[in-house]
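Which chain is which? They are A, B, C and D, in the order written, and residues in each are numbered from 1.
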Amino acid sequence: MLPADCSRRLVDELQGALDACAQRQLQLEQSLRVCRRLLQAWEPTGTWAWEPPPEPETNEEDPLPACTPSPQDLKELEFLTRALEKAVGVRRGITKAGERNKAPSLKSRSIVTSPGTTASTPPQSPGQVGGHASDTRPTKGLRQTTVPAKGRPERRLPSVRDRTRAGIGARAPRSGAGLRNQHMASLAAPQAPEAFTLKEKGHLLRLPAAFRKAASQNSSLWVQLSSMQTSDSMDATAAKTQFLQNVQTTSGRSQPRLSAAEVEAEVRRLQKACSLLRLRVREELSAAPMDWMQEYRCLLTLEGLQAMVGQCLQRLQELRAAVAEQPPLPCPVGRSPRALPSCGGGAEPTWSPQLLVYSSTQELQTLAALKLRVAVLDQQIHLEKVLMAELLPLVSAAQPEGPSWLTLCRAAHSLLCEGGARVLTILRDEPVD
Amino acid sequence: MSIVTVQLGQCGNQIGFEVFDALLSDSHSSQGLCCKRENEAYQASCKERFFSEEEKGVPIARAVLVDMEPKVINQTLAKAAQSGRWKYGQHACFCQKQGSGNNWAYGYSVHGPRHEESIMNLIRKEVEKCDSFSGFFIIMSMAGGTGSGIGAFVTQNLQDQYSNSLKMNQIIWPYGTGEVIVQNYNSILTLSHLYRSSDALLVHENDAVHKICAKLMNIKQISFSDINQVLAHQLGSVFQPTYSAESSFHYRRNPLGDLMEHLVPHPEFKMLSIRNVPHMSENSLAYSTFTWAGLLKHLRQMLISNARMEEGMSHHTQPNFSWGLTMLPRLVLNPWFQEFKTSLANMVKPHLYKNLEGFKDPALYTSWLVPVNAFNVWKTQRAFSKYEKSAVLVSNSQFLVKPLDMIVGKAWNMFASKAYIHQYTKFGIEEEDFLDSFTSLEQVVASYCNL
Amino acid sequence: MRRRRVDPAAGARAGALPEAIAALSRSLPSGPSPEIFRRAKFDRPEATSALWQLLFRVLSPLPAGNALASIALEVQARLVKSALCSQGYPRPALAQLPEDGSQGSRELLLALSWLLARGPVPEQMLAQTRVPLGDEMTVCQCEALASLGPPAPHMEAEGPVDVRRVQWLMGKLRFRWRQLVSSQQEQCALLSKIHLYTRGCHSDQSLGHLSVTEAEMLRDPEGGQQLLRTLEHENRRLEAVLAWRRAEPVFWQWMDTVLGTCAPEAPAAASQPTFLPWVPECGDGELELVVRELQTLEEELREAVERRRVAWEAKARGCGRGPEWSAARRASRETVEKELGALQRCWEQDSGPAPAHGPYRLVRREDGAAGDRDLRAAELIRTLRSQEACLEAVLRQLQRQCRQELARLAGALPGLIWIPPPGR
Amino acid sequence: MTQSVVVQVGQCGNQIGCCFWDLALREHAAVNQKGIYDEAISSFFRNVDTRVVGDGGSISKGKICSLKARAVLIDMEEGVVNEILQGPLRDVFDTKQLITDISGSGNNWAVGHRVFGSLYQDQILEKLRKSAEHCDCLQCFFIIHSMGGGTGSGLGTFLLKMLEDEFPEVYRFVTSIYPSGEDDVITSPYNSILAMKELNEHADCVLPIDNQSLFDIISKIDLMVNSGKLGTTVKPKSLVTSSSGALKTQHKKPFDAMNNIVANLLLNLTSSARFEGSLNMDLNEISMNLVPFPQLHYLVSSLTPLYTLTDVNIPPRRLDQMFSDAFSKDHQLLRADPKHSLYLACALMVRGNVQISDVRRNIERLKASLQFVSWNQEGWKTSLCSVPPVGHSHSLLALANNTCVKPTFMELKERFMRLYKKKAHLHHYLQVEGMEESCFTEAVSSLSALIQEYNQLDATKNMPVQDLPRLSIAV
């Protein structure tokens, strides 16, 4: 057993990392779902539309409502259940041979009949008729649609959509359907009602005018904002500085040397320094100088590094002092805003959009994989350090050789030296005959 | 997400076929007992996992077949093609003329390296066909030479080349007696190597499955094909699509990942077992109805008694639990497990959850895990195969300690007399390698015992 | 009446101040009405809760969402206090405010202004909730795997745990990493496909293809309408920010008058602020980690330098010491200084080789042609690779260090054979 | 699939070989009714287009044209080989596969081994290489010979060493016919002992068979058939003696029935490698499973059932009887009693409509009555081949690595020592160049060492089985 505070720290750290991963996974899953749906067939009947928006955890007590089956489904289900009950009844009563023939037939019939009985819309909806019609001359239909059909609202398509959707989900009442139709006209480009995939007709898609306008306005606004940022008016800057000073003076306190956030940023910087220095030292120590020149340079480098390490330590002492001098922070939760994304607040934030250009799927995958790999390594190194700080003292302090010490040793070895992936074995050296 | 199956050796190929066949016939079965929409989503999910795009309407299994002799592969390919429902890829198999002769060393050190490139190429091609690739499912026996030796070799290569992908090895544990004489040697070599390179070992014992065939399915003359079908049913019900945690309408996308994260995160505990209820012959099925209370109680009882089969399930309308009589001897003092997975068909009743409480008893788990973390439920509305209701339990528990201990003990006895060692040194597996294997498996036994 | 009396000079710009405040309030998310600002100047209690919420919004690391509303005001207040404190907000009066939101609107207004004075808050807020039209990828590692928001309270029983539980969690984490990798690979494949299939669809020539959001908008017109509305809303806010920037100076003058109405604070307030129980700070532990690491390094260096000096002196003895010798020494010194200087800059400037932060829009171009301001994936890959190598080396080194340490401890024990995991 | 080459040496070897080819042809004809040259046939036969001059073009696929046995026939007399060439099997062989001489070895191992060995070395090698070239994956050489004579014993074992050098990766399975006690060849103990040394050193597996056992089995079948005990229900052609076809028309020789038993042994041994089944067993699995130590590679075999009832529906009891019989003394092809000796390992090779549950049931049933060496308490190897022997529903071949072979070797040694003490006939051997007395002493000590190994194993027979201390894990 690990001591309580060590336990808490380690479990907290790991749990935090797990949560972060789970969050990322969830984000990915959501965006993946959208992507996958896009790559499936775009069906005018909207079979994709039944997917409900992501819901919170299914209620364990009563899972059925969570599925929110449509009336159609419920009806189907009812049929099935009834058929099943019948089948069971038959089984109980009738002889084996007769029953075995009957039960499946009952089931299958219920399945066969269900679409017929449940279809609230006639099998040949106007939309589908249209579909057939355009099937015969698809090229023409397409050519038509490539031209942005301004002011030529195709009423037929949306109406089909509306009907089918109402039949399936009938969710929130749609206000302003008329307005939507207007937009619709320019929205979906290939308006042939038959299903198609992005792969086949993706290149024919056009963004609607309203959106194009809003988007270009949006990007130009961001650009303006960025330029405004750099050329912040002089008097505003002066006024702000003045205000900050005033606040400070009226607070009746001398300015603390460093705020907690700054301390943290500094610690992070020093952490990085530490890693870099360590690497450089390793490199230097593994070198074998040949002549006096190299020998001299090596010595100088090491001395320089030593001085730098000294400086860093010095700086850390100062930070320590700053921390100690600060009043204790009223921190309501175990973890401080260390997790606060500092991104976007870089040295010179640019608000206007930037592009990242890739040339192939493979390249994008490599890029993403590497990015994640670096993030994982960061996290791994952090955990390694925490584990070192917590476990190594325990291992060296405890009474050696007891089984619990050996257990700890094995676990520590696995966690610290093998990344948690493998384990060592400790054998008792008993002579085996 | 898709899973690429690698079937190795006679056993692996025979079982692989049955698994695909079971999955496909289930997903196309009219007995799914759920609504059409649900059924479609279910089929799509199942297909994404195990089959690639159709060729003239026939789905193609995401599988690579490997054997060192042609007979079984030819037979397997033919059987799949004959089914008409699905088939194997045209260029998805690799075979040679001459088997490994039950010699693990031959498979691992001769066949493996010699054919590494070809086999890995086949696998790579199969992986590239997946838009979304989750991991490998590697089916092999551990007693023979090809499945076990090449299987261990291939798994190791997969670990090297696809370190981020998941690897689950389905291992067929040989009969206690009478399959292969050097099976204990082959087994310890296989297990110790897989423990290094695989993420999870899903174990099926021939003896246990044999018993299921005899006692529950009432099969008089049990053939390997009977055994493989039971096995395929169990595997199929594990991989049957289930709902994800978010919402009932989304099927779980990464079954391997979810399974492993919950079951095998600790590097010393990688062995999984499956328990399944109900199993019965087609004939008695027609006369049986099940209640969730009954099934789950039964399953829990199996777990506690460490029974791998369901015994004492009477074939009459009301299951009658006479536990005391039908229990296997209690082998383990402190059974523990991490995950409960059940697939629930429709007609879910609220009291179901009351029954699941029985699995949340902390006494079932090791002291350092709390049931809330160790126990997970998966469910689906759709029935699997011919059963209206069924439940399957995947657990990481002490259940294999005893068989493993037996195998290690027998192999150790043989090793002490140096019997058969010359057959292995001939192909570069030295006594040192045996000792390494013994060491790591003794550790596994000890670790499981210390829970 | 009163206003006019207090600040007659403001009369000339009577229109300007409300305009500025209105712009500010429009530019902030769910901005309070300008009236709140006015009331806050007079420390009216009814303005308090709106300002707590606004401040919480500004300071909270959580992404904007409905979740905010559900957090109790007291919790919000507490978080705001601690966040401001950690950023070095000077006025102790804030910490003494009651957390039920009953009083102190003027203090809160001051705090808000303090934040506004320090950085481009409206811009940042906007950037955080920006409508992502493109498929974005951040280039920096800032938020890589850090968890957002306060960690969920764990049900873990406090108290000692078995070390195997730690191993268990570690294993879980390893699996999650791998799941992330495979999901991400899938996403890349799908993104790339969507980009490829929609080539030439975008009105903006520099982009060329549609993003997922844009394509989805076409597929689902209803959602598209929603998106359009959000975008238009963002545009309005952007315009408001621009207006705010222009009118800003008036606001600061006004704020000075607000500050003027505050009674100067009594140093060392009689009533000690009610601090919450001290929870050990994560960053604090971090600091100790670095100290320890640096000390080890220093120790190591001391020995190494000693050894090298001896070696150097031995070698140097044999050399003639002409002017060439001195020149060479000087040259060496300069090179080393330059090199180490570069090393130091690496961390001091707090910027890796990848200078960029923030999201980038992914654009697929087979020929890989990129503008001056655009970033090429290949470049980024290169920097990431070197980062990866560097981090891997660090990790390996730490592991080596642990191995040595454990081997030292284990070496003293007789009768035991330590068999390392089978090396491969 | 792999191929095997049969090398039949000497009179006995060729006679058995002849039976073997006859049976093999009939088996494949029965299984392969379409006449397509398939992998199964290819394991023993080549498909040759006889119109192609010279070597005869090999055809790897399609219709069967002309089948040629993968065989090399060697005899230092012409009689038997000529007989074969004039008989019905003549088309299966051609002259390129034969090596004959006219002088004979005079029942002298040394003549066969040393004289003819060096004389025919190149020629034999060339034929062997040729036959190997025709295979795309040569797995095994089956050598058939007798131990007592001169050619089979001497040249047969000379060949063994040659194969080892030339084809180190190809298995060498030797079917050796051991002389009976009242053998008419006086020097047979010498020949056998000298051959034994070679078998010890250069064979992968030896299937020792003695004529006496074969004779006893035949007599028993005759008795059963003629006594009418089983009425008319016994099929006229019992499994082990069925021999219609090739040699039927000729004058019935006393050895025919016996040779057929041996030929059947070889067919059953290879059936699981050739045909489909739910549990295959390749040839390389035999030595892997049954040979725990390199020298202990003598496998005692038994074939059951010896006769088949006309009633095709086998009641399980009959099936179980087949398993019981396989372990009885009467059914062994060597005079030996495995049931009362120590098993090192045992293989059960089943053909026909038998399932794994049948095999398991019988193993469980029989296990109690058998003794296995302590470290191999469950030393069973099983195989299931779905193709039964021609005209039968099922069959079983049991192979036992069992200390019961020891008496045969000890008896051989005794007979050798009786002669050798008197130096009887020794000069016939010593006059052959390269033969010295040391050859005899070395041979006999090699045999003694083998017997000693069996003795040591036997000594553990009644010791209680106990687990050895294992590696001790600290935590």
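One rule holds in what follows: a contact is a pair of C-beta atoms (placed from the backbone, for glycine too) under 8 Å apart; a residue touches a chain by one contact, two chains touch by 3 or more.
Going by UniProt, the chains are A = Tubulin epsilon and delta complex 2; B = Tubulin delta chain; C = Tubulin epsilon and delta complex 1; D = Tubulin epsilon chain.
Fair warning: this is a prediction, and the values are worked out from it, not measured in the lab.
Under the contact definition stated at the top, the chains bordering both subunit B and subunit D are A.
Ranking A-C and B-C by contacting C-beta pairs places A-C first.
Think of the whole protein's Cα atoms as having one middle point; the chain whose own Cα middle lies nearest to it is B. Most remote from subunit C, judged by the distance between CA-atom centroids, is D. In whole angstrom, the spacing between the mean C-alpha positions of subunit C and subunit D is 81.
With centres set at the average Cα position, the gap from subunit A to subunit C is 17 Å. Subunit B and subunit C have Cα centroids lying 46 Å from one another. Computed from the mean C-alpha positions, the centre of subunit A lies at a distance of 32 Å from the centre of subunit B. Subunit D has residues 468, 470-471, 473-475 in contact with two or more other chains.
Multi-chain contact residues of subunit A (touching two or more other chains): 29, 406-407, 414, 418, 420-423, 425-428.
Within subunit C, contacts with two or more other chains are made by residues 161-162, 164-165, 167, 169-172, 174, 176, 179, 181, 183, 185-186, 189-190, 416, 419, 421-422. Chains touching one another form the pairs A-B, A-C, A-D, B-C, B-D. Residues 1, 131-135, 156, 164-166, 192, 196-197, 199, 254, 257, 260-261, 264-268, 367-370, 372, 436, 439-440 of subunit B are the ones that touch subunit C when the two sit in their complex.
In the complex of the two chains, the subunit A residues touching subunit D come out as 403, 406-407, 410, 425-428, 430, 432-433.
Residues 468-475 of subunit D are the ones touching subunit A in the complex.
Across the interface of their complex, subunit B is touched by residues 1-2, 39, 136-137, 139, 276, 278-280, 282-285, 287-294, 345, 347-348, 355-360, 363-364, 367, 374-382, 384, 467-468, 470-471, 473, 475 of subunit D. Touching subunit B in their complex are the following residues of subunit A: 29, 33, 50-52, 54-55, 57-58, 60-64, 66-67, 69, 72-73, 76-77, 80-81, 84, 88, 91-92, 96, 99-100, 103-104, 107-108, 111, 114-115, 407, 414, 418, 420-423, 425, 427.
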